[in-house]
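The structure appears below as structure tokens.
Here the chain labels run A, B, C and D in written order, and each chain numbers its own residues starting at 1.
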Amino acid sequence: MTRILTKGLCSAAMAGLLSAGAATAEVKVGFIGSLSSDTGRSTLRGAQIAIDELNANGGVMGGQQITLIEADTGEDVTEGIKAYEYLAETAEVDFIISGSIDDVSLGWLPRMQEYQIPTLDTWTSYIGIIDMVVEDPEGMAPYFMNIASDEALATLYINFGADVLKAKMGWDSVVILAEDTAFGQAITGLVTEALAPVAGIEVKDTIIYDIGTVDFAPIFSKAQATGADFIYQVSSVNSQVISSQYVKLQVPMAMTGVNVSALGMEYWEDTGGAGGGISTLSPIPSVGFKLDPASQAFVDTYQAKYDTRPVIPHFNGFNAYHGLKQAMAAADEAGGFKDAMAWSKAMEKQDLILEMDGKMWLRYGFWGADEVEEVTQRTYPHNARFDLTSPYEDAQPSMVVIQWTEDGDVGVVYPPEYATMEFSVPSWVK
Amino acid sequence: MSTQITWKHLALWALFLGGMALLPMLVGKGTLRTIIFANYLAIFAMSWDVLSGRTGYISFGHPFLIGIGAYTTAILSYRFDVPVGISIPVAVIVTMAAGTLFFLPALRIKGTYFALVTLAFMELMYQLVQVIRPDLTGGTRGISGVQTLTRGAVNGYYLSLALMGVIAISLWAMMKTRLGTALSAIGMNEEAVEGSGLNTTKLKLFAFMVGAGVAGIGGAFYVHYLGSIAPRALFDINFLFTIIVAALIGGASTIIGPMAGAFFLTFLLEYLRPFLPGAERYFIYGSIALILYMYEPKGLYEILRKARERLTGANA
Amino acid sequence: MSQILIQGLLLSGLYALIAIGFTLIFSVGRVLNLAYGAYLMLGGYAYFWVVQTMHMPKLLGILVAIGVGVLAGLLKHRLIVKPLKSDPVAVEIATLILAVVIQAGVVLVFNDSAKIMHPIVNGVWRVGGATVTYNILTATIASWVILIGLYYFVRKTHVGRAISAVSMDVKGAAISGINPDRINMITWGLSGALGAIAGVFFASYTQLSPSMWVAPLIIAVAVVIVGGIGSIIGTLIVAHIIGFMEIISTTLVAAELRGVFTMLLIIVVLVMMPKGLFGRGEL
Amino acid sequence: MTVILELEHVVKRFGGLVATNDMSFEVAKGESVGLIGPNGAGKTTIFSLIMGEHKADSGSIRLHGEELTKLATHKRIRRGVARTYQVPRPFADMDVLANIEVGLMPDSIMAMIFTAPADEEARAIARSVGLNDADLHRDPAELSMGDLRKLELARTLATKPEVMLLDEVFAGLTAGEIEQISGLLNEKRQEGMTYVIVSHDLRSLEPLIDRAIAMTQGTFVCQGDYATVMSDEAVRMAYLGH
């Protein structure tokens, strides 16, 4: 404890000295998120590396250096609001980058609307926030989310259902195991209303479980009793409990779906290997995702700089790294962050295409306010650009399906354009 | 105990609130934002104190009451476009009704068991908000974009200060009367109060209604200040922890105590932020709270009182 | 049906193990230790660190967990319960603050992402339409062994009888030459050990996370409230009521209402029968 | 002679234990009655039943002919009966004056808020039981046992009872204090107070009472003047064991 405390005090004191020394104009970036979660750290470190690189290249906006100010939310909603206020009023930052989870972002959003500070969310994919941009384009103008929103995530999953689960595996029926949260309900709704009819998979039953469930044995028994061909899980809170019990109980039924805990490289270590066979959709770039040279360079820098978890940044780390640079570029064009509307206009135009082997691999851009996405027939203003139809020429898909094998490998299994391995069922499933 | 209200008291209140009113000219907006949270926490702590600090019925479910007030007005104004002028009073009434629900177990159980049943109330509410009508409550994500009453730190500050000031003075004046004495007496020996010919059920019910009413007012204005509401922000052990610790660290059974406690805790947490941005902050914050509580369970108020006694004693 | 029976027995065994250490303190010290859940957390993390981070034998992991639990219990008694003179409300509040401090401490040391433990015993057993992992079976057997052992310890040994005497009547026990302070200290240490073992099994069932202390605490509270100031047998019975209620509501009613039923049971029992189903019995 | 307090066939069980077994007796206005019996005879239970701290299982308890059994404790106090406790438990964090003031409070929330504390009356009561003015602003913890008993009496007197139930008023007192309290009780008696007194200290009790009621194991044994009761065979058996 003393060590950590001293370290904290020292670094704070050093930061104080440094900022006192550099009395020239500087750009202040605020980070809001949990400093003790892999998620929060991914965004924080992604932003930090981008800032280091920009500063090393002579700064931004005519040579201004960027400083990063951290505000911890502890993944607590009220602390999140306080953290946002701290960044806005005490630290007086120019731009905020967020690695917040859904309810924390929703908590501080009214503050963002009030302060009109340019803000980029890299983790939450809640479509409700994009709806807020649709409804209040002016108040939400400084807000951007550079991860595909969850509606888009789920939509691509339907194709996975048709192409792989139905066509390749030959499964006709499913039982949904969904957690009792807003996220669980939203995804369950999409699966029941879209996956089933489009892919021709019958939903035998939907079992909603309490997120505090200790013992999943009766729930798995209930799922088996429906006689469905496979289980579709929807789990964002304590997801490793359900997946590890699935593995420990060797439930003789295939399971796929959404399992948020399996999105990071630490999944294997954290579950002690009790996570083999689990597949989940993941935002891009996921673990096991082939990286373009620019993103790979980022990971190399990251690994040279940090030796604590996460060993590889989560998708939001990439989003923060590329997104922060885009935000600075937009500020360069708009003459800074002060005029939030001007910055917002410039940010909308940011478009970074990362190529791999001569073709478009990843694209960091945003949907325009009036652009209607063809598959879902709706607009996604200020949301990361994605492409829902093969061969993904406009942008990368909204998500990929990844799978952890029983020996600890992880790879992308869908869509085929991005796949590194084949979808399979665990060995104990016949 | 039952000293009369004197001009000196009123002058001190005027000095305190007047000084607070001048603060926006002296400190930055960031500090004001911090004080706003302290003001609301002070309201919650005072409300807890009326209900628990005085009567000794320790409530571990106070967030239940605050949450009911907050959710009622949030749902009414956000989902049904009810004007805030109506939704807030309705929220307060609903919270007071919930306070009576809280009161039912207090008829039969006290002490440890009462604390536990209130904790169960809070946990139940946490579960129910997510399950029942998520289309209204917003489920786990809650509601964002609830109408805010003020914009900017200064306005928010004055609103919260006015609320806290009015509540503090009203409660203080009420507790200066024989009623306050009787409520404190319940905390010391309930049978003897009943044995003095006083209807303790009625007194407790009144304390619960006042406590719930204040919690409802606080919760309703709080949500219209935050602009968002989520179950994890309200029905949470950490929130409960902050309220109780504020009341106790400051000094239960006083008005100034919970206020002082709320300010102390909020500022402690905020001033640690630049030095310890991460989880260390909660560790230090909790440890300081624990040590203070162990050192003097009656709180800062008692520590200062003793110190003053020692000083004046030394002078005399 | 057999599946409900098997799963109910397994879960209830675990719940009894979780609750017993809490009951012990409530019975002997007359205080609620709201930091009880933190014993489970400390035990679980200690085991995880020894076995999965340091790759040492599982038995050593369990022993270290017990050691940490005993130490935590003794420290808590020495530094919190004694100075507060066992005032129930003060202890409740102090232990609540302590639990929050321990939670922050665990985040500092282990960070806040959840961790899954390897099964203590590997493998599964399919029986009567239910799948039983050997891990859970071990937990249940351990729970029964510990409870029966504790029962005989309290009935047959000198220290056990002294504990039982203090639980019934502190003054009376003091008159008959028992040092209640020493007995209290032993009980806190014992409760810490039981909590830590329960923590290892609970975590191997679910996960390790800095906020994991709340769930077992609520289970323990439910058992104590529904059962009344607990006896060992009462704890066992009520753990089965709650465990079976949970399995039945999950299997036959609605899985999402699991927690709601437990909370309602607590409230209803407290309001209808404030002294619990079994009232105030000897340990 | 008007009967003020009457108990008729009162029964109280605690689980399997019969604490009060068909007790009946009457107390006349201005009378002083001693309730005697060995430890565990159920004397204190009778007080609790009269005050409503425990509810009688059956039977009738009347004050001025009015049935008390359905009334809550505080209502019985308002009807004019009050008790003291074996172990005085004053309001620990309030000074002596405030302690007495609680007994003088009106039972209405509005009145509690809008009336000033009756300090003068409290002071007068304190003086009447022999508490010094210097003690009025002390905390109960600083008082001697004798002064605690006086405070207990003062708190009880503040409710203006007609019948006082005194439980072990002499326990823990010095001879001088006993004399003082006895004198005080006699003084009040001159003013028309009715007493039911429980005491182990029979010697001190004797001069205070007109009549004694003996009970054992919750059951009535006999009654009459002190000498008659004490010479009763059954009383000697129960009380003295010979």
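Please note the rule applied: contacts are C-beta pairs under 8 Å (C-beta built on N, C-alpha and C of every residue); 3 or more make two chains touch, one makes a residue touch a chain.
Quick caveat, the model's predicted, so the values are computed rather than measured.
Visitor: What is the set of chains touching both subunit A and subunit C?
Guide: Of all the chains present, those in contact with both subunit A and subunit C are B.
Visitor: Using mean Cα positions as chain centres, tell me which chain lies farthest from subunit D.
Guide: A
Visitor: Per-chain C-alpha centres versus the global one: which chain is nearest?
Guide: If one averages C-alpha positions chain by chain, the most central is B.
Visitor: Calculate how many whole Å lie between the centre of subunit A and the centre of subunit D, each centre taken as the average of the chain's C-alpha atoms.
Guide: 74
Visitor: Using mean CA coordinates as chain centres, what's the gap between subunit A and subunit B in Å?
Guide: Distance between chain centres, rounded to whole Å: 37 Å.
Visitor: Roughly how far is subunit C from subunit D, centre to centre by C-alpha average, rounded to an integer in Å?
Guide: Centre separation, subunit C to subunit D: 47 Å.
Visitor: Counting in whole Å, what is the centre-to-centre distance of subunit B and subunit D, each centre being its mean C-alpha position?
Guide: 41
Visitor: Tell me, which residues of subunit C touch at least two other chains?
Guide: 105, 107-108, 112, 256-257, 259
Visitor: Check each residue of subunit A and list the ones that touch at least two other chains.
Guide: As it turns out, subunit A has residues touching two or more other chains at 1, 4, 36, 180, 210.
Visitor: Could you check subunit D for residues that touch two or more other chains and list them?
Guide: none
Visitor: Provide the full list of chain pairs in touch.
Guide: A-B, A-C, B-C, B-D
Visitor: Contact residues on subunit B for subunit D in the complex?
Guide: Spelled out, the residues of subunit B in touch with subunit D are 1-2, 4, 174, 177-179, 181-182, 184-185, 188-189, 191-203, 206, 253.
Visitor: Mind listing the subunit D positions that touch subunit B in their complex?
Guide: Its residues touching subunit B are 51, 53, 72-75, 77-78, 82-83, 89-95, 98, 101-103, 105, 107, 109, 112-117, 155, 158-159.
Visitor: List the residues on subunit A that touch subunit B in their complex, please.
Guide: Those in contact with subunit B are residues 1, 4-5, 8-9, 12, 35-36, 70-72, 74, 76-78, 81-82, 85-86, 88-91, 102-103, 106-111, 113-114, 126, 128-129, 132, 180-183, 185, 210, 237.
Visitor: In their complex, what parts of subunit C are in touch with subunit A?
Guide: Counting only subunit C, the residues touching subunit A are 3-4, 7, 10-11, 14, 52, 105, 107-108, 111-119, 124, 129-133, 135-136, 202, 205-207, 209, 215, 246-247, 250-251, 254-259.
Visitor: If you look only at subunit C, which of its residues touch subunit B in the complex?
Guide: 31-32, 79-80, 83-84, 87-90, 92-94, 96-98, 100-101, 103-105, 107-108, 112, 214, 218, 221, 225, 256-257, 259-260, 263-264, 266-267, 270-271, 274
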